[in-house]
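Two complexes come next, and they have one chain in common, chain A, joined by chain B in the first and chain C in the second.
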Partner chain A sequence: MPPHIVVAPMLVALGTILAVLGLRSARAAQRAVSVLGGAVYAAVVGLLTWRVMLSPAEPTPLVYQIGGWPAPFGITLVADALAVFMLVIAAVVTLSAVAFSVRFIDEQNQRVFYHPLFHCLLLGVTGAFLTGDLFNLFVWFEVMLMASYVFVAFYGEAPHTAAAFRYLVLNVIGSAVMLLAIGGLYATTGTLNMADMSRRLAAPAAYGVDVAPVVGLSALLFVTFALKAGLVPFQFWVPAAYRSAPLPIAAMLAGVTKKVGVYAVVRLYFVVFAGASLPTEFGPISGNSPLAFLAPVLFAMGAASIVVGGFGAIGQSRLDGVFAYSSVGQVGFIVLPVSFAAAAQSASFRRLALAAALVYALHHALTKSLLFLSTAAVRGAAGTTNISRLGGLAAFSPALGGVFLIGCVSIIGVPPLTGFFGKFLVFETAAARYAAAPGLVPATAIATLLAGALFTLLYASRAWVRGFWGEQTEAVATATLDRGQLSILAALALVVLAVGVGFDPVYEFAEAAAEAALDRSAYVDAVAPRGGGGQ
Partner chain B sequence: MTTTITRTTIRVVVPIVLVVAILLLLQGHKLPGGGFIGGVLTTAALVLVYVAYGLDYVEMEVLDREVESGGGIFERRIVTAYRRLFSLGLGLAVVSGVAGLLFGEPFLSQSFVVFHGVPIYHEVELASALLFDLGIYGVVVGGLLTIVSVVGAE
Partner chain C sequence: MSLALATVVGGLFALGTFLLLRRDLVRVVWGVAVLSQAANVYLISMGGVAEGSFTQVPILATHGGEVPETADPVVQALVLTAIVISLGTTALALVLSYRAYEENETVDVQRWR
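Take a look at the complex of A and B:
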């Protein structure tokens, strides 16, 4: 009997969509079911994590063939440590965002399909993390995007419509490029199953596969993923979209859907394409797999993201604008270690770098959701997020001030919060890279990271000092704070603290996830694609 | 668009399109077709009716109901019906997928029975995949017609 737990998170999200659609007229019940759906999702992901990470009786990774069709023909779901790590991030952010939405989004807007769309977004994310099939990855991307289009246009005024239009056009082009690349890969390798593709690319002669086009097609795919992750030069849709979407959704977009792009890069390049080899004599590129081509591109994009995001965030006048730009910079911090991992020769350094990227992804998801949700609480209380019209919020509500401070301090990277370990590991990989081979690239990396850390310090402390200290402004003096919102924020702040204080198991989890991303043969063996062998 | 030529053509074309749509829906589990493509074709037929006869025609002449004036497009009974069709279709598709779990099979497992000795057809194959297809059909028709009606009314 197959382990049904693998498909359970998707079924929970689907079931919640159905239930909240059916309960549209009973508003209180709809909200309760929506939050309950988030809680059940988290519980199911917890159970799946336990089965994958801790249960000794289970083979890992867990594989599920939908409809009972065997591997290369049917649709495969794979829950390995990497997928589960990302699912845990999604579950934590989702639960806090959905609970916060119920208290934050106004009555009228919650009625307009907010809850079904929220769970649709979650369904798309879950599918993208679990699928073991390239075309299905595209499908789940679309499910996720459909919901997010509506959310960006949610408030329906001119700037929101403009942001949604830009977001829509860009992502439709991205999706077309992705579909083109997937079609090309299917034509080249003769399969869509990721494990099967990995197997065929590792032994091209046996399956009659031409490796050269794969490099170009994988670059096309990479463009789409970079677009989703909002890396420079594909970052320009990010700030407008994040500012337009309802703030709890901005937390989801920054915390979770951005990570889907990063996850897809890691999964495809380290699991699917890593086995391919192609001798090259091209200038600065060393190594002979598509990974080697990826490394310099990813490095340049990550470094540019840190700089652009940092500059952008400093210039913003609204809290949500600051954090929207900050997301561009922070994703650079995730991507730089991935580029080190791609360029690395030794397996242990590769694992260290990937683990650093994953820890940073976790930190960013938790901290940025905390900051976006705090911004939402500020808007709910004071009616504005304009920094110059705020002031004295900390005296007005020490609890809100405390929560916001934890978010700011974590994103700056002060121990013992999650942000410290994220930054520390990223710097450690850069330093290790420099120690192994001193040169211009690692030196640039360290300089960029330092600059990025400085930018973070500047904009986070500016938001804190101007918004929360000083004279109380008129907006703050007449503000009313929702206690329910505050308790959700406090819970999330505790999670940020707890992950930092009890960091050891978290790091072990991230290391296992990195290991899973690098262990190509375990992935292929677990999915066990049959047939299609030889010419 | 409401010329006599358009109206006459559509009167001939729409029944043909609908029959083909149902044919595609019914053969979907064995041959090219299925709920999605059948649903899109059905929607196309109804859109043709909308184009030639207007939005209110379906509600007033076909369903013989009064069109309530006032209120947004969302309050129209036919739009509510489309939305309900969407929800029901999604529900049917999920239930038909989950049904396999009850027999210990993976999600979305399907099965079929063949009846022999049926008059005219000789043998009829009843597949559980048809239920899933029907669900998808409902989702597509309900969703697309909601969009067409609401956007068309703007």
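Take a look at the complex of A and C:
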């Protein structure tokens, strides 16, 4: 199979955009094509995964140099285990969200621009995961953001417009900062190709690169990624944007676009900047690469996210508000192990910590999509997501109750669901860190994680008990549930269950992805940038 | 040259930030536009203006006359992309602010419902 398959997921998304645009007068066909596009996307991602991970002819990162221009002169697409892992997350969430949208969004809205924009969002995400070039990362971010701006403003009333405007202004500032960082990195290292940059930073003398500015510039980049991931103190746009967007899109935003920020941090800091050597002794920061600077910052932001997200979620009166705040807390759970990986001395611990973060990212994407889509089903049935106006939903529809319960139980972290393994690995990482070097930082980490787990238990059980048990309220008694929506939810719940039950291969996949993020030389060799003097 | 560029970039960023902090929605959109352009000017300046000769640029070698200096063409290509993106974003911001005006009957951010 030629390396051209790397570009296939993007082409599928692009083709679907064009097809659904063309079919906007044939509504049924448009919807069918949109769902079909999601399914083909998943199939292509599956094929790519098979080729990168399991292919009998030695599994290696796949690289496609667009137009035959060799790196670093052309645009490079790279599918290694890490990118493929993220693509699989995107594919699962996309397929369920697009199928759900067909049954959930009202017909007029679907007809005009919902489906083209949905696949545009997917195209941006896919490009960001696959690109091997810093400037293209910026471009794909913008493609993704453009679609998400419109989705946040989708319903077009005062709160939605306000949320979209704030979201837009904030992200324009983020993009300007990202552009500054990229320009600075280009001026400093003389390249935009990630593999080439990694190679040059690892041997600065040979290429005449000054490493010192890279730390500051990478910090600027980090701000943008933290903004996309919604980490504290950049979380304030998250709740309003998630509550304004249509609920299937909220599932996409929480499940997929948030992960783009996390992915970019892992990719750039562990693959591109990790090779740079810069001895530092500055307060608690010590080490010899930009990673040493990243670790404490990431730790503080992750811990703060867990606390802020937890508190916020408990105080919410609507189901979608609870899960929007919950996303802020959950991304903290993903980022804490990344900070351990950044501070780690041993390679094996670094891999364990990154694998824990990736497993948690997978868990959060699946579970949070399930919860957002269940909330959508509740809104579709009862017309409200206000917890005080819901009640007795479990008796009204045991199937919906069961699906929602699986989501709640998974996000709390009860075996054998995916959430259990996510939480278990994160705690194991923190405990291993404590065992290796007992001190204030790992103790704080464990305390924060425990508090976060407690918060999750509180808000998930509150949503379940108040919304699904007890007397049926008026809204629930007159509700009608869509069977199509329910069957999609059931399928997604089965995935959450299956990933937990058959966890071994999933963990191996996550470990391979973590390995790919740590093996800089494999990445550089695969892309094989040429020229530029030195080695 | 670098001092002038640095002053321009700094001034644009200051102006953009100032406008972003206004209560008037239209000024905020102006701030968005100015800020994106400031980043573009910065990006252009990162390309540097290096000593070179016109013989390196094919079209100048056959059609042009004496050209004393050349700049990095890559950043110019990048800035073209960035300009298009900021154009799109600014247009969307304008549309959104009009919609917000329709909904709230004011462009004052603090009087939004």
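Basically, the second predicted complex is superposed on the first by the 529 of 535 C-alpha atoms of A that agree within 3 Å, B and C clash if a C-alpha of one lies under 4 Å from a C-alpha of the other, contacts with A are read in each partner's own complex, and residues count from 1 in each chain.
FYI, contacts are C-beta pairs under 8 Å (C-beta built on N, C-alpha and C of every residue); 3 or more make two chains touch, one makes a residue touch a chain.
Since this is a predicted model, take the numbers as computed values, not measurements.
Engineer: Looking at the overlay on chain A, is there a clash between chain B and chain C, or do the two fit?
Structural biologist: They fit side by side.
Engineer: Could you read off the angle at the CA centre of chain A, spanning the centres of chain B and chain C, to the nearest 10°?
Structural biologist: Apex at chain A; the opening toward chain B and chain C is 40 degrees.
Engineer: Which holds for A:Ala162: it touches chain B only (first), chain C only (second), both, or neither?
Structural biologist: Touch status of A:Ala162: second partner only.
Engineer: Considering only touches as defined above, state whether A:Asp525 meets chain B (first), chain C (second), both or neither.
Structural biologist: neither
Engineer: Does the superposition put A:Asp482 against chain B (first), chain C (second), both, or neither?
Structural biologist: neither
Engineer: Let me test your reading of the model: by the given contact rule, A:Tyr186 touches which partner, first (chain B), second (chain C), both or neither?
Structural biologist: second
Engineer: Could you figure out whether chain B or chain C reaches more residues of chain A?
Structural biologist: C
Engineer: By the touch definition at the top of the document, which applies to A:Glu428: first (chain B), second (chain C), both, or neither?
Structural biologist: Touch status of A:Glu428: no partner.
Engineer: How far apart, in whole Å, are the nearest Cα atoms of chain B and chain C in the superposition?
Structural biologist: So the smallest C-alpha gap separating chain B from chain C comes to 6 Å.
Engineer: Taking the two structures together, which residues of chain A meet both chain B and chain C?
Structural biologist: Dual-contact residues (chain A): none.
Engineer: Residue numbers of chain A touching chain C in their complex, please.
Structural biologist: Against chain C, the touching part of chain A is residues 135, 138-139, 142, 146, 149-150, 153, 156-159, 161-162, 164-165, 168-169, 172-173, 175-177, 179-180, 182-184, 186-187, 192.
Engineer: Over in the complex, which chain B residues touch chain A? Could you list them?
Structural biologist: 86-87, 90-91, 94, 98, 100-101, 104-110
Engineer: Touching residues of chain C toward chain A in the complex: what are they?
Structural biologist: 20, 25, 28, 31-32, 35-36, 38-40, 42-43, 46-48, 74-75, 78, 81-82, 85-86, 88-89, 92-93, 96-97, 99-100, 103-104, 112-113
Engineer: If you look only at chain A, which of its residues touch chain B in the complex?
Structural biologist: 1-2, 4, 7, 11, 14-15, 17-18, 21-22, 64-68
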